[in-house]
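Two complexes come next, and they have one chain in common, chain A, joined by chain B in the first and chain C in the second.
Our next item is the complex of A and B:
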């Protein structure tokens, strides 16, 4: 009996990691589901390096992004935004814009009498023959605003003043170091900045109403079906009359989950003009209105005993999401002793926060992991040893694995604050852990067709925000049927295909993979049925293994030979996403190690190396999974060192609204990045796959901050770790001698 | 971006007949047009004019460099290119921008300030009143000879070319050899960039080719960023002592700043005295607030590094 057949018949599988596994009870599994993969499954394709199926098309510019799509008769939209942070629309007259050359439609977003809550709020959209004509027409709109001077653009300034007391800052290296005390109690404050959402492809859609009244949109979205539902609702159409297409898209990171106002305005303009309209937000609009990771403020009091155990933890946090959205934060509560903070959101008159790659986590983990690290430093215990004493078994295993691969012992600076003799740089190493859910499980269906010519078609309507959805479809199908990936034609990003999830919470792969496997498995079973029928043999004599049809366990037909028996009507199977059962763990775990070099003359931090150990259950495609880890680290590094939205509190305006002046890490800022996938099988669905898009961006800033602490001998409490802040701390603890 | 006329003359005479705004690399110009802080009726693209793109060459004892030479090609020049120019060009932006950006385009880039660059903010720099940066974010703005508008000239080639007393050679006009130093002075006096006819080349006088030069800058990001501070030095030595010193700073004022007191103090001194001389520069800073303290430190650091490196370079040159 084959491995999979045996798994199917047994009531448990082995889940977890090679060195840390247990039997997973399958009694809650749906009996109609495909047999589950386990830690013992020997894969052919899954877990190998499969290049992204659409990689070449994307890299060579062949792929048509929603913002590239140019149907015949296309009009272009431009949006007038509020120049004031708070007030009311007193007068609004769009007649002159309506009459302007080339203008075909005008749509109002914020009408007379309505409230203005931030600079950048959408007021009117205009569609015209060219983008320039649309922009010219905006200038003709007569807008009178009733400005309210009583606004708060940067509420963190006041919140800072109201924090509970913290310990005085150390004035020397000696003060910042371990003082040989038996137990340590600290009270510290931490702060994180606003990180702007700047996906390479801006937010927007191209919309057109067909003659039959149905709506077709090419959308840069993280949720084709969410977009379909919102537009259907807005235009009182049944969902099936809204067709959303997202064959590829240029990044979302959480900010493209909702159908934004720009999408509704676009469809409205298209309806009025009776022509297709292209409405994509410009870079400035992106900076002002398309969301951000909100800033946060933390006060933490914690205590650790001489044994290196965290024995007390109390925290208060604040989030500053702008006029709407959530600023909540998450702490690493898998550390024994670390508790969630009391939290409060304080709103202000700037663009609203949106979900941003692991919402709330990088903020909270920076604060809490800094505190954990500081406890270790003050006790004089190696931060690795300290963490090992306080974490769960999975993190324990990963920390040891990572420390070994990173060379923690050699890289951790035993004399913080002392320059390297050869380079005169200050070197240090730091670490932090991560945890995330990402088990998936939303409803999804996948269609699998096997054709007479031996090709396999697999379809789901969900999009790919960059994690490689198309490739996941192909890999899971190829593995299940035992055929080559090249045989598979994967189709995604079309709301006329079977329903799939929005890409949020790192759930796309864990939601889709089980449905793909189910569809492919059903199709394979049906193929065997057809073969039995055609060859007039008993179905139960046949099995499908390694891409071959076996009869009585012996090779009988190749996959192509079997497909040739299908006839002109393809085999069609609809796979389902059954509910998760209790797997090895309810989430994924990981840890990161950073090595930095700090220039004592300038305070500039250069990250030299980051090593990540990351679990995502079953690794479907090693190449795209590693690419997620690398990308998450790059974004985390950029957050740690550079990105910071500047707001002028008096004007209530965001400054630096283009990519020329908003600092994002570039090629020369890149360290050596080593992703280590902690391969396992979570065993909570038939593939055991979990999410990986978000978890690896969570600990990067904390690991870098802890490495800077190890390099310079004292802590910088605020992100980003800009050179002026680093130099200020250096000068303080070295008495200005650096 | 607003619609505009576009011409791309293939030779000099065609170019000289055209009226309009010249675009060489377009790095600064196009982003201003996109941002909406500049609208242009007619754009005359001079990037096809090979006459303006010649590599550094010695003529009549002077060093001539094509005004339209892309910075990447400037970096390919042999040892006749002063070290300071090479260092300044190498640090500019990114390889892609260095392929596109022209030498004179780098010198003519508009002043920088996050407020000034926002088309919706009215301030002194764009014809309005007051400087909102003074009550807001000014950590990266002027710290030496600050004008009422705190915007800075962030060209990283300007300080070294001023230090080497470079001239702009123009095609038209009677007095067609213009000192770069005077050009920036005029910019300050007029409150806006002086109109320039088509520029042929940058010319560095023979006297500046003696001795050693160096450029040093500090930027927050190493790829694609403007300098927080830049310093360029040119030293001519007499034995181990400084016979002539030139020290210019960039990104610290509305135009490149000449550290005259330091230059005078170094006259006849050995390099052990750099720190002492630089104390004179320190006393000239006019910080608007402590926000600018890091910038002040970096300006001093750049000045010291540029002096040391140019001293070493001068010794090598002998």
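Our next item is the complex of A and C:
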């Protein structure tokens, strides 16, 4: 690449925010990559409201989810789970189940002599002609367990008692309010609960072995290629002999990244039966064994000086991931003075934790943002002003922007704990910040074909967990070639297509978009070459702009006319995902503002309004990007107010394993939600796209908790903010009287 | 606890308090005992699904949801909680909303069942289905068929629902991706369209 060309490219890249704009270091940009988009690029399709491509198939019920797939001769599986939290399988006899009506295969997960580590551990799976017959057969399995009474049901109970000392809780509103002190030093404890994923489509696959010994699975997974690798390994097949299909799937939130034991059992059953087997985990199994966001305990000591600056910070955290998995938490790193914490995981005999939408972050941010807020309250400084003094420039800008749009000044209650005269409700407002990586960059390839009839086919084997991957393929291709989205046929969720990422870490779009753009750009270049060849003109005279072929800068051919020249063999281009450049920022930032109403009689918290400012770099599709923010907020609200997995301490059993007793926010609890997309984090790949799935769920619970603090005049230190916990605090600071 | 005769919650607790290690039969028939056999009763059933008349034999214990999904291959209604708590299996039974997972197929003799497939097709969608797509009122889409039908049942009774009435009508339908506010907007949009007669 010539020096001038390189310079021109770097001029076209801008990253950052108004007033904070920075030049991007392009030294790592690959010269073979497509020309990059920047904040200044005028888009035709990108950033508009393109309806998701598979929306109509979903809304009319014709979309075939992996759990919907009904091949001929399908058998249904059921799984027997351990009723005890710890012990050993003493005896296991499946012969009576094997002989039961309709049973075609039995597979053992935990055989004789093997350890049991939690209630819900898979013991045996059975495949039968119907689900009911499979369940009947489970009752015929003879299972004797050696129960070990020395199990840990919920280690948080003991850990609570062993925390370092905390300052006594305020006993009155006055005490909880500003002390008018010049500086403040506090030690406080915070606690978060276990949250269950409960994606609506259960975990599972439908598996079938073909006559040639290859395995085909329809998998409800967040990682088609990871599923392929896991099953290939388990059955000692080369990867290419395992075909994974996930055309659409019904949610995962982190819990469907790995191929669970149910997938292996399903394929085993299919092999034994010689027929396709449908093995999807029932709701109780979901609650017991398919992962969770672990609970956490935090002890934080912090100090702020009279100038409102955080000058000291010390934190100790504990995570409780169950028998396996990670309970690590993440604290914000962008506040002045906030230092790295010490952390310890404490295991127990419950189902293992799995990644859950921004693993560790909502836990840590609830604690740290509560602490930051409390420092401001005790100093008598507006929490907005306090944060502005302590955050980085990007959050500083976002906080100001969000506060203005939210109406912070009017909504922040200057007299916490004083009921509104008209409604007799306690009202308050709170805020919290977020930050996440989400730059993407895993290996990915995208195939783009331009056909003679003017249609464009684009393919990648990765899945869509509901974010709109198929639509991203179409939008980026349409923009790059300058054609209408309707021309594009986007194919995803098939392991026979080019490799793509798992949907984790908010990286699907930022990983795929640059490879899609590269593929479409290469295909467009090839199209110009074919036109030049056919028309016997110089290639360099031609260019592709706005969906038209220009010759010497003047309209020459329409896209369709050009395609007609390419012959029956389509143009094929394989796009690559090059490394990220050194970008303007290493992650996406955001902040949220919440307004709540608390009933002083019942302690019930109702969220009225949430406003989010969220950065995600270039917005590929505005509608689906906003949907991610809205969904993340609703999940955060549900975490803040309702969701909590309870465990019976005596039996080690999870209580509330159905959706009746495990409460998730519903339509009646919905506040007004205002998402503001703020595309600042740009300039790290040729599209400037960054992740958005996880970052907006991080600060929601903290913003709501801070709003409750502002409403009632004292802090609830533990999630969820249930009426009893709110009442307890109200009683304490108001002396039981309102 | 009849499924595990020699073992009850009481004996389990007692055992725990006596010894840290106890041997417990945890499932199935005790040695020497015959496994339970459930009588499988079957019957004839006639019903109409999405306008198509059907006559078939079903087991007495088969639910309407199993009939639709596993026997008829109509997987529009989804199985999520299997306890009538989430609304994902919502269908209209003679015009009334029901959870198909809680409805025995045999109780639908002569009934008309409407799934979201019968409401509209990708080529000829119902205004609600169009609005769900244009407002992006779905993400993973697994709750969508139930949501669309619950909204349809509302609009059949109330042509101009308030936001609160929409929220109440959808209170039995759970969405895990968090699309509620967009669903409300979609229902409002479809209602307006239907009122202006730009419906089907």
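Operating definition for what follows: the second predicted complex is superposed on the first by the 722 of 738 C-alpha atoms of A that agree within 3 Å, B and C clash if a C-alpha of one lies under 4 Å from a C-alpha of the other, contacts with A are read in each partner's own complex, and residues count from 1 in each chain.
As a convention for this text, a residue touches a chain if its C-beta (ideal position, glycine included) is under 8 Å from a C-beta of that chain, and two chains touch if they have at least 3 such contacts.
Only a predicted model underlies this, so the values are computations on that prediction, with no experimental measurement involved.
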item	value
Touched partner set for A:667, first chain B, second chain C, both or neither	both
Between chain B and chain C, more extensive residue contact with chain A	C
Touching partner for A:324 - first (chain B), second (chain C), both, neither	neither
Which superposed partner A:157 touches (first chain B, second chain C, both, neither)	neither
Partner chain(s) touched by A:178 [first = chain B, second = chain C, both, neither]	neither
First, second, both or neither for A:405, with chain B first and chain C second	neither
Contacts of A:723 with chain B and chain C, given as first, second, both or neither	first
Which of chain B and chain C A:656 touches, first, second, both or neither	first
Which superposed partner A:633 touches (first chain B, second chain C, both, neither)	second
A:603 touches, of chain B and chain C: first, second, both or neither?	first
Chain B and chain C footprints on chain A, overlapping residues	83, 130-132, 136, 650-651, 658, 660, 665-668
Contact footprint of chain A on chain C as seen in their complex	3, 9, 12-13, 15-16, 19-29, 31, 35-36, 38, 40, 59, 61-62, 66, 69-70, 73-83, 85-86, 88, 115-117, 119-122, 125, 128-129, 132-134, 136, 138-145, 148, 166-168, 170-171, 173-184
Residue ranges of chain B in contact with chain A within the complex	1-3, 31, 35, 94, 114-115, 117-118, 120-121, 132, 135-137, 139, 218, 220-225, 293-294, 297-298, 301
In the complex, chain A residues that touch chain C	49, 51-52, 54-65, 67-68, 70, 76, 80, 82-84, 87, 90, 93, 96-97, 100-101, 130-132, 136, 138-150, 198-202, 248-251, 253, 282-283, 465-468, 623-624, 626-628, 630-635, 638, 650-651, 658-660, 664-668, 670, 672-673
Footprint of chain B on chain A - complex, ascending	83, 130-132, 135-136, 284, 601-604, 642, 646, 648-651, 653, 655-658, 660-661, 663, 665-669, 722-724, 727-728
